[in-house]
Structures are given as C-alpha cells and as structure tokens.
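Two complexes, one shared chain (chain A), two partners (chain B, chain C).
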Partner chain A sequence: MGPLIPNGMIPIEWDSIIAIFIGIVFGFVLESSGFSSSRKLAGVFYGYDFAVLKVFFTAAAVSVIGLYYMDYLGYLDINQLYVHPTYLWGAIIGGIIMGIGFVAGGFCPGTSLCAVAIGKLDAWVYVAGIMIGVFLFSELYPFFEPIYNGYFLGNVTLIDSFGWNPYWVIFIFSMIAIVAFAISDIVRKKIKSVFY
Partner chain B sequence: MKTDSKTNKHVYWNPYYGGFLLGILIIFTFYLTGRGLGASGAMKSSVVTIVDKVAPTHAENNEYYSKFISKDNSPMNTWLVFETLGVLIGAFISGGLAGRIKWRVQHSPKITRKRRLVFALAGGVLFGLGAQIARGCTSGAALSGMAVLSSGGFLTMLAIFGSAYAAAYFFRKNWI
Partner chain C sequence: MDKKKIAKVASFRYKILAIIFLVLAGGLVLLPKYQKQEGIKSEALLSHANSAERYISTDQIANKIINQDPSFILIDVRDEESYNNYSLPNAINIPLKKIFDEESIAYLNQNEFDVIFFSNDNFYADQAWMLCDRLGFKNLRVLNGGLNKWFTTIINPTKPNDDMPDQAFELYTTRKASSMYFGVAYPDQVITDDSSLKTETPKQVITVQKKKKKAAEGGC
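Moving on, here comes the complex of A and B:
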C-alpha cells in the first residue's frame, strides 16, 4: 500500500535517486510542452496561446482522478499523502504577488528552470530575481511573519473545509476544465495570432 | 519520428498529451514519496546556503534561514534540490533533441532586449517573494496542492491566475 517510501516498501536511501529521475521526467515534459518559452506561457493571459491552461488543468484533473482511483482500489492511502497547508491570507496574498510576477516575467519557477537549461538568458535573470525575492523575504521576515504564520487552517482539503463529497468535487472540477478548454479554443480563434 | 526538427523549433507536444503525462508523473510521485513536485524550494535552499556560507552568524540569527539550517545536514540536501537537478537535465535533453538549445534572450520584437531583462528580473523578485509567502509556487502549492484537493492549493491557483489576468493589461506591450 502506497505511498511506498514513507511506508518502508522502498528503502529511504532511494529517495534522492528517485528525486532526480522524477525531476528528469518533469523537466522533459515541461520543455516538450513548450514551457521553456516565456512568450508561449504569457499567451494564456492574452488569449493567443492556451497551452498553460490546457497542460496545467489536464495535469491537475488526471492526477486527482488517478490518486482517488488508486485510493479506491486500495493501492494508496490518500490520508497519508502530504496536503499543502492552508494559511488563508498567505495563500491569497502570495498568489496575487506571484500572479503579477508571472505576467511581468513570463515564467514561473519550474518553467524558468526549463528555460535556463536550454540557454534562455532572460530565464537566468529571472531565476536570479527569484533568489533576490527569497532573500528579501528572509531579511524582512519579521514584517511578513504575521501573514506567513497567521490564519492557519491546517493541512485541509476541500473535503475538510466544505464537507463536500470528493468524487463530486473531482467530477465537477473535470467538467469545469473541459468547458474551459472549449472556451479557450473559441477565444483563441477570435484573437489575432502572435508569432514567436 | 520528426526529422525536420532543426527547422521546426517551435513545434511542441499537444498540450493535452503533455498535461496527461504530467498528471501521471504527479500520481507516480505521490505514490512513491507521499509528496508532490516543486520548483521554488530548491532556489530557497540555494539562497539559504549562500547566506549561511557568506554570513553564518547572520543566518543563524535570522528566524527564517535558521528554520532550514541544521548542524549535521546541508540545506542543499533536500528532495527538491535533487528533483530540480533532474528538471535541468530533463529540459536539457528535451531541448537538445528538438534543437532548441541556444544562448539567447527571447522577447517580443516590439521591445528591447534590455527591457525584457529588466521585466524578467522584476518578475522573478515578485515571484520569489510571493512563493515564500504562499509556501510554494505554481508547482508545489497550486499543482501538487490541487492533486490532493488541498484548499490552500486551490486558493493559491485562483490568486495567481486571477491577479495575472488582472495585471495582464498593464504588461501587454511586453508580449503582444
């Protein structure tokens, strides 16, 4: 029963080795999907290329369906998986700042690494920027501490927060994704295409 | 097999295919390790390491750096740092096979190279700051969070895309 490493089915020494292999596949898939190009990524915000929306939401839907299916079939205990903690205002304010950074810089950290690997100098500068950002946050930590540590709701899922049935949540999420894909195709046809 | 890749540098995978494989990878990652993917964590580890090397006492006295420093373990010895090394290798292989490896600054023909780099730097600073406040970026918080239906993951995802769409108008000259 998974997860395999925390349950001792695979020795912990394999952890770092597995990390590298998972990273290789992650980088390969992102780069092959075109995520090393800031102009392709930014397209989602201007309607000329919806690759980000399609890749991101397909991945989210596939993974959440797969994880709950494996839990249902007994291969995996969903309650043992790490749930990203919810700090209400940290998530919102951090997300808003990241959104502006995304549209200004054209990358997010994972995609900038892919662009770094193929020699995009703007991505090198972007990664330097991220490190400066982390540095600023750490130096000004006392100032950010209230939103960083405050409004902690626990490692909660939508199921805990709202008491919804997970299968309905996943079904509705997938339907929203499919509708969004259809709308994005309609929008893209109406927007003047941008060549890059 | 694609043989004309040298002339077709911008031919990428079908996004649904890429998304499907990425989803499978996330399932596999959770199944093996019980955790999701990440990207900004490795950059945080690098900053902590640099500060710890340059100014050890300062790093120990700072409440944030000191969370990640321990006597017998380097802050670089984390799962995410190894995963990030893999990302660099994987992207290099993919870019190499498609003939996309080249030193260059990619920008819209309407803006200068310098303007692109300034905005890239500013965007990076904001993203780095935001990713610390939200405890994760698009990979660690939003994507891996959504895979286990984390409330925080969904919130962060909505905040990132909401604010990016809201701010897109002000940055339109850089892209279109």
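Moving on, here comes the complex of A and C:
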C-alpha cells in the first residue's frame, strides 16, 4: 500500500502543499517545545538540558519502530522509502562544521528560522551568517567540488553496507536510547542548574 | 485517594514508557519472519495470464516485420545453439536461465517497446512471460505457437483445398507472399532463365538494292 505518494494514493501534485503543511507544524512544535531558545539548545553540550538529545533520539526511534511494524503488517514497503545518498567525506566534514556552528551559535538551521519568527536578535545574526556561508560556498564551489561530489557511496543504509539484521539494529538502538536518557538525567542532576 | 494512586503511578511514568519502548522494539526481533510477496498481486497475475491479449499470432508478427514496424523487440528465449541455428530476423537471444541478468533486464523492463517472447513452442516463452509479468514489467507478449507455428503458417503454409472458403485462399496468398519475403522460393514464381529454350533469332536479311549504273546522260 504505502508509501502513499510513490504508489499514487496521493497525487504527486500535492507534494508542495503537504510539505508546507508539515513545515508549519514542525516549526510550531519546535517553538512550543522551547527549541527557539539558543540556551536550551546549547544546554546539551554543557550538560544542563538534554531536551535536544531526548527529542531527536525519541523521534528517530519511535518512527523507525513504527515504520518497521507497518512494513511487517504490509501497510508500507520499506524498500520504496527514499534513502538519502551518502557522500562520505562531504558528510563528515559538513557534520564537523555544523557541530561547531551548533555549539558556537546555539542553533541548528531549522531552529534558527524558528527563532527568527519569534523575533530573536541572535537568530537574525545567525541566519545572516548562514547566508554569508552559502555565498562563500557558492563562490568557492569549484574548489570544494571534489569533496562535495566525491566519495559517493550511493543510497546506502547501515543495514546495506554492513549486512546487519534491521530488527536487531532497532532493538539495540532503542536500548542505547534508553541508556542515554538515563545517563543524561544523572548528568543533569550533578550539574549546577542554570537559569535560562 | 484516587489522586494519590495516580500520582504514585505517574512518578514511574518514564520507566513505564521505557519498558513499553523496549517491548515494542523487542517485538520486532521476536516476530516470526515471512517471505514477502514481490511484484504484482496474485489476482492481477491471474487475470493477465487468463487474458488472450498476451498472445500475438504469427501472421501479426510477419506483418509487423515486413512493414518494418519499429515498436517491438523479439526475444528468443531458447538456448544459444538453437538461436544460432535459426531465429526470427532481428531477434535478441535471452535464454530463459539468463532472463534476470543485468543486461537482459534493460530489454525487458522498459515502457517503449512491446516485448515479444518466442521459443520453439510457446511453452518456454510462456514461462518467461510469467516471470517477467509477475515483476510488473509492461507490454509483454508471447508468440502463439512459437517457431513451430511460424514454420507451418508463414514459411510453409498449407495450400487450402478447393472446397474451402474464399478467406482461406486469401490467407494462403498472404502467407505465401510473406514467406517469399522471408526467402522461400516457389517453383511457380521463379522466373526461369533457361537458355536451351531460347530460339535463335533469325538473321534479318536486309536486301539492299544496288543502284544500277546508268549510262551517262548528256549534259547541257
């Protein structure tokens, strides 16, 4: 049956409308759970607030469990889902830069736009920085291109590249998630609470 | 009283959620696995298989080849040796065993051309059709009767008896004409070049009347 759009249950023309709807809902949830505050986001690195870790870990684990149950029951074909292509070194270097920017600025690109929407000045500066970065990248594209387009591994997943059993991966991933939540709670209690 | 109980349970809420989470994840590991159905649904496969539309007759094929119809490709599913012995013009050899090889799939799984399978009978061609149709490939056909029927209808058509209807004679002449296209020679159609029958062209005798000498006549 699913996924709905590739199998024609929902016409492909609805793509943009659905995307706008999901975007609005996503922004609303980010803002209402306090993710437009750079102090809350940076808290995960300083150990006084682990909401980011908990939210994103839970989201990933819940959705992967749900997807595999739907695949098992025949409501969804997991092989038809879009897998983002892997450019190995591009992803590693980009991840490091993104991480540094996250700690330094206190936003990720999505939450920065959320914070712009509620009028935070630091978010304005952050978004301006993103734009400058985009401009520099575009100007220096010929220089970056070998890394940007190189080391292409295709649309692979961990399960494809290592031949793991997906069900065990999910189970172990969920256990890691619960352990991480428990440890983060212990750490948070030991750190002096920060008012923000 | 009730509020106290709820509060007591609620204080364990994260632990309860974690347990539910683990049970659900563990359930995926423990569930019995089964082989998933690949390709189209069995009902669709059955209705495709029952439809007479999947066959194409030898006459239609002969007509297409003669008119140089570009909309189809012929796939010979017999082995290589038989293919090298005889095959239809412009046929591609994909033996049944190699039907899902990477280079074969490009011919079979496309939407531009009709794919026509044939073998000696339509037996192996039917198998090839079934395997490909099940995977959802489009525009697949089977040559009805295969190469055997091709020989009995197109290459060597049987002459209708005198008491047969007019259409039979028409069909025969069409088939005969197409067999001539595929290189069959008929004695009544051969233009013989027999030199012994040639009669020598008689030499034409052109008599040239010689001018008689006349006596010189007197001038002025």
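The rule is simple: the second predicted complex is superposed on the first by the 196 of 196 C-alpha atoms of A that agree within 3 Å, B and C clash if a C-alpha of one lies under 4 Å from a C-alpha of the other, contacts with A are read in each partner's own complex, and residues count from 1 in each chain.
Just so we're on the same page, contacts are C-beta pairs under 8 Å (C-beta built on N, C-alpha and C of every residue); 3 or more make two chains touch, one makes a residue touch a chain.
Since the model is a prediction, treat every value here as computed from it, not as a measurement.
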With both complexes overlaid on chain A, does A:145 touch chain B (first), chain C (second), both or neither? first
Mind telling me which of the two, chain B or chain C, contacts the most residues of chain A? B
Taking the superposition as given, does A:174 touch the first partner, chain B, the second, chain C, both, or neither? second
For A:157, is the partner it touches chain B (first), chain C (second), both, or none of the two (neither)? first
For A:183 in the superposed arrangement: first (chain B), second (chain C), both or neither? neither
Tell me which partner A:61 touches in the superposition: chain B (first), chain C (second), both or neither. both
Both chain B and chain C contact which residues of chain A? 61-62, 170
Using the touch definition from the top, list the residues of chain A that touch chain C in their complex. 61-62, 65, 68-69, 72, 167-168, 170-171, 173-175, 177-178, 181
Partner chain A, residues of chain B touching it in the complex: 10, 12-13, 15-16, 18-37, 39-40, 43-44, 46-48, 51, 62-65, 79-80, 82-96, 98, 100-108, 116-117, 119-168, 171-172, 174-176
In their complex, what parts of chain C are in touch with chain A? 14, 18, 21-22, 24-29, 31
